[in-house]
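Consider the two complexes below, in which subunit A is the common component and subunit B and subunit C are the respective partners.
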Partner chain A sequence: MGLLKKLYALLSSYGLAALLLVFLLLLTWLGTLEQVEFGLYETQKKYFESLFLIHEAGPFAVRLPFSDPAKGPLMTIPAFPVPLPGVYLLLSLLVVNLVLGGMVRLRKDRSRAGILITHFGILFMLAAGFVEFRWSHEGVLQVFPQERSRDYYSYHEWDITVRDADATGRVREHVIPSEEWRELAPGATHRFTHDALPFDVLVTKTFRNCRVVPQGPMFKGDGAVIDGYVVLDSKPEMEQEFNVPGAYLTIAEKTTGRQTDAIVWGRQMQPLTVDAGGKRWLIDLGKRRHELPFDIQLDKFIVEFHPGTSMARTYWSNITKFDGGQQTAMKITMNEPLRHQGYTLFQTNWGPQDGNLDQPLYSVFTVVENPSDQWPKWSCYVIAVGLLLHFSLRLKKYVASTRRPAPAPAAPKS
Partner chain B sequence: MQRLVVAPLSHREKSPAMRATSLALPLLLAAACSGDGGGPRPITQSREVDVTPGRDKVGATSADRFGSMSGGGHAGATAKATPELVWDNPPGWTELPPNSMRTANLKPAGHPDAECYLSLLPGGAGGLVDNVNRWRKQMSLPPIDAEAVKALPKQKLLGLDAVRVDLTGAFAGMAEGPGKADFQLIGLLTTFGDQSIFVKMTGPAAVITAEAANFDRFVASLELLQPADAAARRGSGANASPTASGGPEGGAPAGGAAAGAGTASAPAPGADGRVSATNQGIRFTGPIGWTADAPRATRVVTLRPPGTKQTECVVSVLGGDGGGLSGNVDRWRGQLGLGPLAAAEFAALPRVTLAGRDGVQLDLLGALDDAMTARKLPQARLLGAIALLEGKSLFVKLTGPEAEVDEAVKNGFLELCASLAE
Partner chain C sequence: MNLAKPTLLRTLARRAVAAALGLIGPAIGATVGAALGIPSAQAAAQETAAPQGEPVDEHAGHDHANEPHDAPPEVRRAAPWDPEIVALFGELPILEQGRVKPLSTFAGFKLLQLNGTRTLRMVDDRGTPDQKDDDVEVKLSPTEWLLDCLFFPEASRRHPCFQLQTWEVLDAIGVERIDGRKKRDRYSYLELEPGRPQLFARARAMMSDPVKREAKNRSYLDEQLMQLAMKMNQYEGLLGALVFAQQEFLEMPAGAQLADLLGDGKTTRFSRLLEHSAALTERAASGVDEATRTGAQRMLRLAQQMADFASALTLFPPDAKPAPLVKTTMYNSGPAEKRPGGSEEEEWLTLGALEQRVAAGDAELLALHLPAIVGFEDAFAARNDPPRMKAALQQVRDTLVRTATGREQYAKIGSEISYYEADLFFRALVLYVICFVLVAVGWLLRADHKLNRALPWLLFVPLALHVAAIAWRGYLRARPPVSTLYETIPFITAAIVLVALVIELIDRRRIGVVFAAVLGAAGLFLTQRYEAKEAFDKGVDTMPQLVAVLDTNFWLSTHVTSVTIGYAAGLLAALPGIVFILGKLFGLRRGDADFYRALTRMTYGVLCFGLLFSVVGTILGGVWANDSWGRFWGWDPKENGALMICLWELAILHGRMGGYLRDIGVCTAAVFGASIVVFSWFHVNQLGVGLHSYGATDGVSFWLWTTYGGIALVVLAGLWLAMEARAARKASTSNAVGPAKVAGFETD
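After this line comes the complex of A and B, so read on.
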């Protein structure tokens, strides 16, 4: 048996399918436990979007039941690393296993048509997950009554942007996405350049969650003091959207070679101003901005409370959608999102929620751009059809077998 | 018969070695993927954005950008002016220059051993119980538990309920060893957003007991106001300190480079090439070619001589004697690593006329390390002038690399000093 045949047999085997499902079960369990301590975002990255991971097992305390807790455990097993495959790798292998074992290798006859369709439905669902993972965007759009907007901001991703300080109107800004600088190793530098800019931007130190404070003698900052301010590194928050990144930059002028150090921070109230090449430039660090291909105007936001409480019973937004020359009045509720041009707008929040209903209430939508938005639903239909067909055929076969005349009893031996 | 139970411990009990192991792989991968290898990375992404005039402040200072409370606001938030802390000096109290740890810095009754100051610290600053016990330790008193701290009286501070402590003992401060006997400490502690606020008065018990009512008056007068309101109150006699600044010399740009250095509202040179203006009651005219930075609340002006990169000249005013002539001379000497002057040496200092008043003049060399502004220069020259005016003190301080501060710069400095008027 050739190596390729062995590999084919392995990748299409039931054994591999069972092993993958066991690992998926294990990682779902471990990830659920880990989420309690490290939050959803980190856990998703570590367990569900990775090829490999190192799980920290333990430490464990070995005790006798009903023993006096004050005496401590009999022994303590220290924490130890457990290398595991990530869910991304497992699902990739599951796709290969399903294609080879569940479709290519599967005997093609009428009785297995339902299984084939079901396997196709599962593959379709996995494909939906992959497309969402790779190409979907999610963010938040906040709009006040009578305000019109098409901008929504990412929950998790940040960009460093550079633009001409004196330009107004529709202005082009250069974007350095966080994926290109957030994983900066200690001591390393990333230098970013663009022909239209008279300077390069050097990212010399980054912080996932930090504060910028005036330097004082009673505490030590986590970087250089610039203009009396220093960055204080903070422990990352469990919920990623609460983290505020920061970075030390060096602005290196191309013609003069002059270098200027600066700090940019996710919560800075004004962008950094740089004079270079005879012009002024603004450098900002902000949440990634996306743009809808259509406008939303909030006509009215309505919230109804449970009687005698400040707990919302239901809330919805009456909006007008502007797309090209067309205006459409619509209503977005918690369970009735707006779907248009590949975007889905869910009603997720409102504010201000300080009990003062005299103020105008703004509406908050979660915007999801997901090319595979409806694929899971369709894949469920496919799977349902496949299972229905398969069980129908099995039922028909069973009914047929029960109607078959029973074999005549054997004649008694004389 | 008992069975063995294996129970997981909390993650906090995991060993550092385990943490290191689990971090090693990602760090190695990050190290492998990072560095300057491959040269500059092209910026490939761009997008269009609608910018309305005045949306962003061009030339915003670091204080504009970060404030000092380091809270509030979010990416893309509308700019808000930094609130200013204002208060009334109790009668007989003198005001000292603030520093990065003391937003308000006062000397009760002018007594040399008494002090009263307000500090803002980021975060919980150790927590309420620990800070109360830190103060008790400074007074050579044993610590108390959380219940006892909870039972301490409360007093309003900036509209918040602050814990009040009133301790008598041997004051050791932050030093080890026996403290000064028969001292008293009155203090208030509270938190505001992500900041901790402390007001602390210490000194001989007799002085502090006598000044307790003034302490309460000072605390009651404290307010955080928007700049316009603060200016109005300042006009009525209140003192003020922008929460974003480190003091009269605070927040100076670290270098002559442009980042953060405001240009939008900086005084422009006139037709004769001189910057001239009146600010905080002081009129000045800069030497020809000297440029001015954007105004800062605690400075009359910041000027930069032509042809220099790291040299700056700050003119500032403080209420009262600002800590006194000799105190400020010694403070500036200390920033250059020089010891205090003896009385005879102080008396021998060259004199200079500032705003029509007799003052002292300094010309010092050394390694500058100014904790107030975090300004450091290895081989620096400091030209200084201080004079006491009617109810206030006037400071002119020029610092820069020794190689940049030549005779031409010194002549300009003296020219600037001569131009000052009330």
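After this line comes the complex of A and C, so read on.
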């Protein structure tokens, strides 16, 4: 058997399928437990979106059954690293296995039709997941009553932006995406330049989660003191959206060579101001802004509670959608999103949560642009049909086998 | 109107109020006691008042076990409750935990929360505690217990309705252990009351501790203490709920010209205060003289305090117009919009809230509910006179039911009362147990014996009751059969029994009937225990309102039902696996290859069935999440749990088709699969993370780990058997070639 044939046999085998499924199960289980300690975002990156990972197993406390917890364990096995394939790699291999073994190699007859359909449905679903993983993005749109907006902001991504302070109307923003500066090695510097700007921006130090505080005896900062302020590095939050990043910048003017150090922080009230090239510029660190191709105006937001409780029974937003010259009144509520031009708006929240009847409430929508939005639903139909067909045939065969008369006992040997 | 009563009755009523006020709180008790001229209440309250600046520890240190010489004598119920009174009272509607329910349901879950069961067993000493020979054992239903709490608050403090999980709780609050009691036993309020100040001090300390504020960070004992504090607090609320109805204790202020409003007697009653609260308000502001103004102010204050004591029961609908079963609507722009039945008007009222509205001039509300309030007063006065009490309660019932019916909120109350009275789950449980006994007898008989032929059909009887109970709940809640974790248990059990019976009807080996009877009984036993546990730990009934994302009958009936059937199949598939492994281990039907092959086929068939529902249900869950949260898959623990079931079942099927799993392998894998189902069903909710963490249940970790331990033992046995079988095969067919042939299924 040639090497290619061996490879084909391996990649299309039941054994590989079973192995991949077991590993996927293991990774899913570990990733579920890991969320308790590290939060969803970190766990998702480590276990579900990776090719390989190192899982820290343990430490394990060994106890006798029904022993008194106060007495402590018999022994403790220290933590040890376990290298594992990531879910991304496993799913990639599963696709190959599914195509080769579950479609190409599979015997094509009536009894296997259901399996073939099911495998096709699963492939379709995995394709939906891949498209969503690679090409979708989501954010949050928060809007007060009678307010009109088309901007929505990423949950996790932060950008450094530079814009002309005196510009009016639609303003041109120069964006330094977080992907280009957030993983800065210690001591390294990233320089960002643009012809339209009279200065370069050098990112010299970054923080995933931090606070900016006045320098004083109470705090020992994690960087230089600038204008009396210093950055305090903080432990990352379990929920990624609660992290507030920060960075040390150096603004290097192109003509004069003058360099100015500065701090930008995700929660700063006002942008950093820089005078250069005869103009005033604003530098800001904020959540990545996306734009809808249409406007949304919140006409009314309503929340209803179960009587005598603080548990919301339902909440919804009456909105007007402005698209070109057209205005359409619509309602967005839980489980009934608005889908338009490839975007989907979900009613996810409202605020302030402790507001009373006198306070205006704002409505919060999750905005998702996902080219494969409805693919999983279709794949579900396909898979259901395939499984139903296959298992019906199996059941028929099983019932028939139970009706078969038992074979006559063999004649005794003489 | 002269409301004067015989002196003795008036004295008793005043003393009863003194006792009740002592229960409710020193601060309030002192105020009201002083106003009422009740020295015992005033003195007791002042003696025990909390220091300035400390959180008020209501009636701390008030030792009812050693009551002062002027403490009121207990008024005891002279005879068992008249069943008609119990029925009338149980039919009253009440708003609790977001829904309108019968008072009998409220009482049932309240007693379950305190007592751990719906029946209160106690010794009635017939009024002579020092004589034991006249003691009788009595059982009180929840509604009878609630009637005692409300109408005989003094005597009901002797009811042993507080179940303590350990007597360490007594040690911790400085109450001496009582001889003859078990470690886990029931105590009366009076027995626990000496430890009340210490109990509440510890509870307050926990609530102000940033770590212990969260229940998960508390030790077992701390959690028990916190629960007891909350339960005693709620119980005290019930004891004070009818303080307002203990009439003829409100002494008229001297010199005030209020006789035209409150009568010319020396005392008046709450309903008259309420009826004339608008006029009293006017006189309090601009009475003809100072005595009238201060007198009116005092009476208004008393009315408000009386009403506030009754906050444990939300009995009064705000109007009689049709209203949706929702209330408080927060509008964030423009004036509050009036919807059919009102908007912010939809909230039901406690007596305190009602009094405030009436005092503010809501004459319509007063006219609506005054007959009920008078009815409560009359019923209290006639609490040992069943015919009169019945007539008074009838007036209460008529008033409240008419209002609730007008709001279209009473339609299912009767059905709910019948549901709990019928107790179909319990009846089905008993029948499953009887069927199990018959199945056991059937195994001793010939396979074609009449009993064995009838057994599958007999099992459809408890199943029919079981399914009827599920459907009945669905009707009451206007929801699909599964919308809470509790409801998954009877539903999964019913699905298991049905599938097992279908297997039996196809296979006819008397294996399916065993599974049906055993799992039916076990599942419904778990249902009962879970209900009691939820009520005991959280004080919730099993028909809670749902969070906004679950407000969709379409997804509840498709995704939730499918996934739940998948769980059922995953668990059922394990059972033939367990029988296979244990049978092989202990030599059951040795040499009967057909029997073991049938078990494997059952396992395989149920796995296929389960896979269909698990896969479809899991994907439908993703589609639902895509519509509600904006993403198809979020690696949420509950989603992951469902995915793990699919992955494991797919792995088993592929392992089988590839010839890697033989009969013992499939069975062992199916048994292991049960632990994945348990993880997905219950365990992920305990992790406290993710979007499904609202379904967490306290205190199930022990049972989860015990289940895992049991499964692990069977799996280990299965693996050992598999290795033994492999070694035997190797030894006997060392030079065999060709693909593996596994029982019943061809390999690819």
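The working rule: the second predicted complex is superposed on the first by the 370 of 414 C-alpha atoms of A that agree within 3 Å, B and C clash if a C-alpha of one lies under 4 Å from a C-alpha of the other, contacts with A are read in each partner's own complex, and residues count from 1 in each chain.
We take it that a contact is a pair of C-beta atoms (placed from the backbone, for glycine too) under 8 Å apart; a residue touches a chain by one contact, two chains touch by 3 or more.
Bear in mind the structure is a predicted one, so any value in this text is a computation, not a measurement.
J.: Could you classify subunit B and subunit C on subunit A, in the superposed arrangement, as clash or fit?
T.: Fit - subunit B and subunit C, as placed by superposing on subunit A, sit side by side.
J.: So, does A:Val99 touch the first partner subunit B, the second partner subunit C, both, or neither?
T.: So A:Val99 meets neither subunit B nor subunit C here.
J.: Touch test for A:Leu64: subunit B only (first), subunit C only (second), both, or neither?
T.: first
J.: Per the contact definition in the header, classify A:Val131: touching subunit B only (first), subunit C only (second), both, or neither.
T.: neither
J.: Between the C-alpha centres of subunit B and subunit C, what angle is opened at the C-alpha centre of subunit A, expressed to the nearest 10°?
T.: So the C-alpha centres give an angle of 90 degrees.
J.: Name the contact category of A:Glu56: first (subunit B only), second (subunit C only), both, or neither.
T.: A:Glu56 contacts subunit B only, not subunit C.
J.: Of the partners subunit B and subunit C, which touch A:Asp261 in the superposed model: first, second, both, neither?
T.: first
J.: Tell me which partner A:Thr348 touches in the superposition: subunit B (first), subunit C (second), both or neither.
T.: Touch partner of A:Thr348: subunit C, not subunit B.
J.: Quick one: minimum Cα-Cα distance, subunit B versus subunit C, in the superposed arrangement, integer Å.
T.: Minimum C-alpha separation, subunit B to subunit C, in the superposed model is 9 Å.
J.: Of the residues on subunit A, which ones does subunit B touch that subunit C also touches?
T.: Correct list for subunit A: 65.
J.: Spell out the part of subunit C that touches subunit A in their complex, as residue ranges.
T.: 95-99, 314, 325-334, 336, 344, 346-348, 506-508, 545-549, 551-552, 555, 601, 605, 608-609, 611-612, 615-616, 619-620, 622-624, 626-637, 640-641, 643-644, 647-648, 650-651, 654-655, 657-660, 676, 679, 684, 687-690, 709, 744, 748
J.: Touching subunit A in the complex: which residues of subunit B?
T.: 2-9, 11, 13-15, 17-18, 21-22, 25, 27, 30-31, 33-36, 39-43, 45-53, 56-62, 64-68, 70, 73-77, 79-80, 100-101, 121-122, 194, 244-246, 250-255, 257-263, 371, 373-374
J.: Per the contact definition, I'd like the list of subunit A residues that touch subunit B in the complex.
T.: 37, 54, 56, 58-67, 73-74, 76-81, 153, 158, 162-163, 165-177, 180, 183-185, 188-194, 197, 200-201, 211-219, 225-230, 232, 251, 258-263, 265-276, 280, 282, 284-287, 289, 291
J.: Per the contact definition, I'd like the list of subunit A residues that touch subunit C in the complex.
T.: 13-15, 17-18, 21-22, 24-25, 28-29, 31-33, 35-36, 39-40, 43-44, 48, 65, 107, 125, 128-129, 132, 138, 145-146, 299-309, 311-315, 334-337, 344, 346, 348, 355-357, 359-362, 366-368, 373, 376-377, 379-380, 383-384, 387-388, 391, 394-395, 398-399, 401-402
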